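For reference, the structure I am asking about is given below.
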Amino acid sequence: MKYGARNKVNAKVKSVKSDGIMSLVKFDVTSPSEMASVLTTESLEDLDLKPGDKVELIIKAIHVLPIKQ
Amino acid sequence: MKYGARNKVNAKVKSVKSDGIMSLVKFDVTSPSEMASVLTTESLEDLDLKPGDKVELIIKAIHVLPIKQ
Amino acid sequence: MKYGARNKVNAKVKSVKSDGIMSLVKFDVTSPSEMASVLTTESLEDLDLKPGDKVELIIKAIHVLPIKQ
Amino acid sequence: MKYGARNKVNAKVKSVKSDGIMSLVKFDVTSPSEMASVLTTESLEDLDLKPGDKVELIIKAIHVLPIKQ
Amino acid sequence: MKYGARNKVNAKVKSVKSDGIMSLVKFDVTSPSEMASVLTTESLEDLDLKPGDKVELIIKAIHVLPIKQ
Amino acid sequence: MKYGARNKVNAKVKSVKSDGIMSLVKFDVTSPSEMASVLTTESLEDLDLKPGDKVELIIKAIHVLPIKQ
């Protein structure tokens, strides 16, 4: 099974909270990992990112897709 | 500084690759972390997620927003 | 009326379910259609996609924008 | 294998076009299908969607995730 | 024509820059406007947003869909 | 603080409405602004966008990330 996405994080479910329409699930990340971001080259130049730079990666929870075997 | 998003990952830039319009940046995650996903309650029920379940979290690179101080 | 998006699917509303903030709508697709995906060239190479290959296309419901005349 | 997403479309690769960073893949949808959208209840009320209503569903190609077995 | 989205901004094209696969378009916003955000109630509570609070709204360019009549 | 995104809009909170899982926040935009969109070059050509063209920019509220200092 191969996914057309750069980020695949192994995780374990920690908690589940549900509403009528939407649910929020929290996970513990179980392995150290690498992540990737695609952004415009203009934004990259504004950020002036170079290897070794420290950043925070922000991801809205709605963009995280859980897959279970 | 506070962000309206559940996922904040500390990371270090590993590599940068640029095109005219878009760029791809790779990061090493520098701290173990927790992640959150919002999905429909219907999808949650299909997945039948319970605490302790192992999952893969898939995130397209385009949804990862780097922030630098 | 022209949209800056590759995917336009003709559909008919099948059901509507509402909460205070969010709603979930189900549709029957009324015409056979073509779809498009943009992904990193790295992900494409990992998937090794060639014409004729069978795939599943996964789309979170939050990314589907209904338009009505 | 179960995905935390409402939309799963069976498709066949039709064409592939690549750049240094990003690629665009076109697919033929191989089975009639159902789709789902999550939107704010306010947007739903503005659209006044009822079963039987005809709509167009717009999805940016970047939000389509191909998965291959 | 009605859209299942909370944000509709009137704008005028300022510049266009194209690559083989992706393009970047800049716009001047032509009318003062209102915007809306959907986030988890947890994120809202972390931000502690109240009427009158000043914020910055961050939107990746990939999530902006231009429509032309 | 620099963000890897093209769109940064200054705004003031107007109203807040919360559910168990999701919340909807409305803002008044406090400064005239410029916006940017990334789309496929194919979509751009279909739209035939040229400087001066009038468009509507559609953004689902879920893609708007509020940041507060």
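For reference, chains read A, B, C, D, E and F in written order, and residue numbers begin at 1 within each chain.
We adopt the following convention: a contact is a pair of C-beta atoms (placed from the backbone, for glycine too) under 8 Å apart; a residue touches a chain by one contact, two chains touch by 3 or more.
Owing to the predicted nature of the structure, the values given are computational and were not obtained by experimental measurement.
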{"item": "Mutual neighbours - chains that touch subunit B and subunit C alike", "value": "A, D, E, F"}
{"item": "Chain pair showing more contacts of the two, C-E and A-E", "value": "C-E"}
{"item": "CA centroid of subunit E to CA centroid of subunit F, Å", "value": "1"}
{"item": "CA centroid of subunit A to CA centroid of subunit D, Å", "value": "20"}
{"item": "Contacts with 2+ other chains: residues of subunit F", "value": "2-6, 18-24, 36-40, 42-44, 47, 58, 60-63, 65-69"}
{"item": "Topology of the chain contact graph, where touching chains are joined (line, ring, star, complete, other)", "value": "complete"}
{"item": "Residues on subunit E engaged by subunit C in the complex (per definition of touch)", "value": "1-5, 21-22, 38, 65-69"}
{"item": "Interfacial residue positions of subunit B with respect to subunit D in the complex", "value": "17-19, 22-24, 37, 39-40, 42-44, 46-47, 58, 60, 62"}
{"item": "Touch list for subunit A against partner subunit B, complex", "value": "3-16, 18-30, 32-41, 43-44, 47-69"}
{"item": "Footprint of subunit D on subunit F - complex, ascending", "value": "24, 39-40, 42, 60-61"}
